[in-house]
Amino acid sequence: MTLHIVSKSPYTSSALKECLGAFASGDALLLIEDGTYVLRHPALETLQSAEIYCLEADAAARGQQQLAATMDRVEMINDARWVQLCTEHQPIVSWFR
Amino acid sequence: MSIKSLALCRTAPYGNALAREGIEAVLAAAAMDQAVDLLFLGDGVFQLLDHQSPADIGQKSLRRNLQALPMFGIEQFFVCEKSLAEREITLEQIQVAGAETKTVKDTGSLIASYPTVLSF
Amino acid sequence: MPRRAGHFTIWPPMKFSLAVYSAPHSAQSASSALRFAKTVLQQGHEIYRVFFYCDGVQNGNATAAPPQDEIDLTAEWQVLGQQHQLDLVICIAAAQRRGVLNQREAERLERPAANLADGFELAGLGQLTDAVANSDRLITFGS
Amino acid sequence: MTLHIVSKSPYTSSALKECLGAFASGDALLLIEDGTYVLRHPALETLQSAEIYCLEADAAARGQQQLAATMDRVEMINDARWVQLCTEHQPIVSWFR
Amino acid sequence: MSIKSLALCRTAPYGNALAREGIEAVLAAAAMDQAVDLLFLGDGVFQLLDHQSPADIGQKSLRRNLQALPMFGIEQFFVCEKSLAEREITLEQIQVAGAETKTVKDTGSLIASYPTVLSF
Amino acid sequence: MPRRAGHFTIWPPMKFSLAVYSAPHSAQSASSALRFAKTVLQQGHEIYRVFFYCDGVQNGNATAAPPQDEIDLTAEWQVLGQQHQLDLVICIAAAQRRGVLNQREAERLERPAANLADGFELAGLGQLTDAVANSDRLITFGS
C-alpha cells in the first residue's frame, strides 16, 4: 500500500487535493512540513477510513500541537516512526508542490 | 497616496525561507526609518499564529522576529479577515505584544493606497 | 516630452527597480526579470537598481556554467550592466547562506573560493529599502 | 490603480484566488509565465469589468495562443506594453506563489 | 508488483525547471534500459499540450523531449483523466507521435502497482 | 532477526535512497532529508545513496556560509557521510547549471573557482536510476 507524504499547505497548493484524488483504499497519509496545516483543513474529513500520520516536530513548529491533541483520527509521530512507516509501505509518493 | 510602502506577506513560516527573508527585509527598512506597513494574507497569517516551537526542526522562531518589529516603530499589522476565517484562526491566536492587529475586509483598497508593494 | 516606440506613446522616463528572488535555470521568473529590464531600457526608462534577494543571489554566481544552448543569465546581466552602468546588487546576507561570495567574504568566512561574478556587488538589505524610496516603480520577480 | 501580476497556474496555486480577493475596482490584471494558464480557467469570468492583459510570448510557450485568440476580454501584449502598463499603474503587486 | 518504476509528472513546463529535469531523469533511466512509466497528473498534463512555442522566452521545447521517449522504448504515457477534464484539454491536443496516450481514472491503483515512484 | 528501538519493532534492515531537490536555507525539505537520513541510520537501516538533484545540488556547495546559529547542512552531510561511508552524489548536469563544480569541471568549463564540498561526488543521472534499481525504498524530498 502506498504511503503518501504531503508537505505543502492545503490552502495554497493543490498537493493535498491531487494526493486525495490518487488515494487508493488502504493507502496511508503522512503530513510533514507545511503539510501539517492539513490538520485544520476540512478536506481531511473526506478520508474516512485511511490511516493518517503527522510529524509532531513539524506540527509543533507551526503552532499546531494543541489542535493535533484534539484529533483522534491523526497519529502524531516522531522521526523513528516516520522511517518505520516507510519500511511498512510501498511505494512512497511525495506530494511537494 | 501614502509615502509608506507595503510588505505583502503571503508565505507560511518554516516550510520556505521566503517568510523569514520577507520579515528581515521589513526589519531592515524599519531600522533605516523607512515607513513600511505589513499585510498578512493567505498562508502569511500563519506567521502570526501563537505557540510556534520550531526548535526541533532546527529553526528559530519567526514569531520572535515579528515581536521585534514594534521596537522599530512598526506598531500595527494588517491581517486579511477572510484568510483568518478560512483557516479558523481567532484574533486571540495572533496577538503580538506591542503591536495592534487590524483585520482588513477590503484588502484591495488597502493595497491600492500604497505607491510600492513588496511581495514575500 | 513623450516619445514613441511602435504605436505606443511613452510617458516621461521613469526610474524602475527590480527585486529578483529566483535562481537562473530553476524558475522562469529569473529570465523574465532580465527580459523586463532589457525592455525598460529599450523604452528609454532608467533602472535605478536590480536587487537580487533569496535564491535570486545565484544570478551573480560566476561558477554557473549552463549548456551552450541555454541562456547564461549571469553573463547577460553582466553585459546589460556594463552597457547601461546598472547597479546590480546581491544581498550579502542571502548570498552568504547560499554560497555566493566575493574575495573578501571568502577570506573572512574561511571558504575555499570566491565566486561572485564581475559586475555584481554585495551589499546589505538597506539597498532594497533605498531602492523603494528612490524608484518610481518597484517590480518583484518572485519564485 | 493597482496592476496585479499573476505568474502561477490557477490549478495548482492559490495566487489567482488570493489576487482576485484583493482586487479593487479599476485594478488591472496581467498574466505572465504559468499565470497564462488562467486563460483557460473559469475564475476569469468573475472579473467582469477589469482590464486583463496576458504576455503573448509566455502564452505561446505553453500552447495557449489559439485559446487566447478566441478571447475578446483579454489583450495579448508584448514586452514593451508590459513596461508601459507598469508606468501607467501604481502600485504593482506580484502574485508568484 | 511491477519491477518498473513510475515517474509522477505534476509540474507545468517552463515556469519551473522541475518538469524538464524530471523528463531528463526519465530519459536517463530509459537510456540505461531501466523500465519506467510516466503518469502525467495535475499541471503535469500541460507538458503534453501541443503547439508549445517557447523560443521567445529563451527555452527549448519540452514536448520535443517527450517526443524522444518512444525512441528509448517508452511507448505509452499515462494521463490522469480528471486532470485533463478540469483543464478542458482533449485527447487530440496531447498526442505524441510514437506513443500511446492512456487516460487513467483510478490513478491510486496505478500508483500502488509500482514499487518505486519518483515525483517531479 | 527483528530488533527493537524504543517500543517499535524494526523489520530487517532495508536499503534506502534519498532524492533531494531543495537547496539549504531555501526550503525545509533540505533539512527534512538530513533528519530522515540520520534516523534511517539510527534505526539500523542502510543508506544506499543520497542523490542531490535540481536545486538540491546546492547542498554540496562549499562556499555557503550560514550564520553560526543556523544549521550548516553541507557540514552536517559531510559528517554523516564520513561516519557512515555514505554515497553523496550531486547530479553533474544540474550542478553545472547552478554553479557547483569540482576542480576538474571548473578547469574544463573555464570557471574561476571550484566549490564542491569534500565528501560529495559529481556524477550523472544514471546514479539515480541505479539507486532506484538497487534500493528497497526511495524517498523524494522535493522543494
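Just so it is clear, A, B, C, D, E and F label the chains in written order, and each chain counts residues from 1 on its own.
Everything that follows uses one rule, which is that a contact is a pair of C-beta atoms (placed from the backbone, for glycine too) under 8 Å apart; a residue touches a chain by one contact, two chains touch by 3 or more.
If you want to know which protein each chain is, UniProt gives these names: A, D = Sulfurtransferase complex subunit TusB; B, E = Sulfurtransferase complex subunit TusC.
Just so it is clear, the structure is predicted and the values come from calculations on it, not from any experiment.
*Asks:* Counting one step per pair of touching chains, how few steps separate subunit A from subunit C?
*Replies:* The distance in steps between these two chains is 2.
*Asks:* What chain pair has the highest count of contacting C-beta pairs?
*Replies:* Counting C-beta pairs in contact for each chain pair, the top pair is C-F.
*Asks:* Between subunit B and subunit E, how many degrees of rotation does a Cα superposition need? Round to steps of 5.
*Replies:* 180
*Asks:* So subunit A and subunit D: same face meeting same face, with over half the numbers shared, or different?
*Replies:* Comparing the two copies, subunit A and subunit D contact each other through largely the same residue numbers, since over half are shared.
*Asks:* Going by average Cα coordinates, which chain is farthest removed from subunit F?
*Replies:* Looking at centroid distances, D is the chain farthest away.
*Asks:* As a test of understanding: of all chains, whose mean C-alpha position lies farthest from that of subunit A?
*Replies:* Farthest by centroid: C.
*Asks:* Using mean CA coordinates as chain centres, what's the gap between subunit A and subunit F in Å?
*Replies:* 24
*Asks:* At what distance in angstrom does the C-alpha mean of subunit E lie from that of subunit D?
*Replies:* Roughly 27 Å, centre to centre.
*Asks:* Once you find the CA centre of subunit C and the CA centre of subunit E, what distance in Å lies between them?
*Replies:* 34
*Asks:* For subunit D, what residues touch not just one other chain but two or more?
*Replies:* Within subunit D, the residues that touch at least two other chains are 7, 11-12, 14, 33-34, 58, 90, 92, 94, 96-97.
*Asks:* Can you list the subunit F residues in contact with two or more other chains?
*Replies:* Expected reply: 21, 25-26, 28, 35, 54, 70, 137-138, 140, 142.
*Asks:* Return the residues of subunit B touching two or more other chains; collapse runs of consecutive numbers into ranges.
*Replies:* Where subunit B meets two or more other chains at a single residue, that happens at 10, 14-18, 42-43, 57, 59, 116, 119.
*Asks:* Determine the shape of the graph in which chains are vertices and touching pairs are edges (line, ring, star, complete, other).
*Replies:* Contact pattern: none of line, ring, star or complete.
*Asks:* What pairs of chains are touching here?
*Replies:* The list of touching pairs comes to A-B, A-D, A-E, A-F, B-C, B-D, B-F, C-D, C-E, C-F, D-E, E-F.
*Asks:* Can you tell me which positions in subunit E touch subunit A when the two form their complex?
*Replies:* Residues of subunit E touching subunit A: 1, 6, 8, 10-11, 18, 41-43, 80, 82-83, 106-109, 111-112, 114-117, 119.
*Asks:* If we count contacts the way the header does, which residues on subunit F are in touch with subunit C in the complex?
*Replies:* It is residues 23-26, 54-55, 58, 61-67, 70, 96-101, 105-106, 109, 111-115 of subunit F that touch subunit C.
*Asks:* In the complex formed with subunit B, which residues of subunit A make contact?
*Replies:* 7-9, 11-12, 33-34, 37, 40, 57-58, 60-63, 65-66
*Asks:* Going by the contact rule at the top, pick out the subunit B residues touching subunit F in the complex.
*Replies:* Those residues of subunit B that touch subunit F are 14-17, 57-60.
*Asks:* Flag every residue of subunit B that touches subunit A in the complex, lowest number first.
*Replies:* Touch residues, subunit B against subunit A: 10, 12-16, 42-43, 46, 49-54, 56-57, 59, 86-88, 93.
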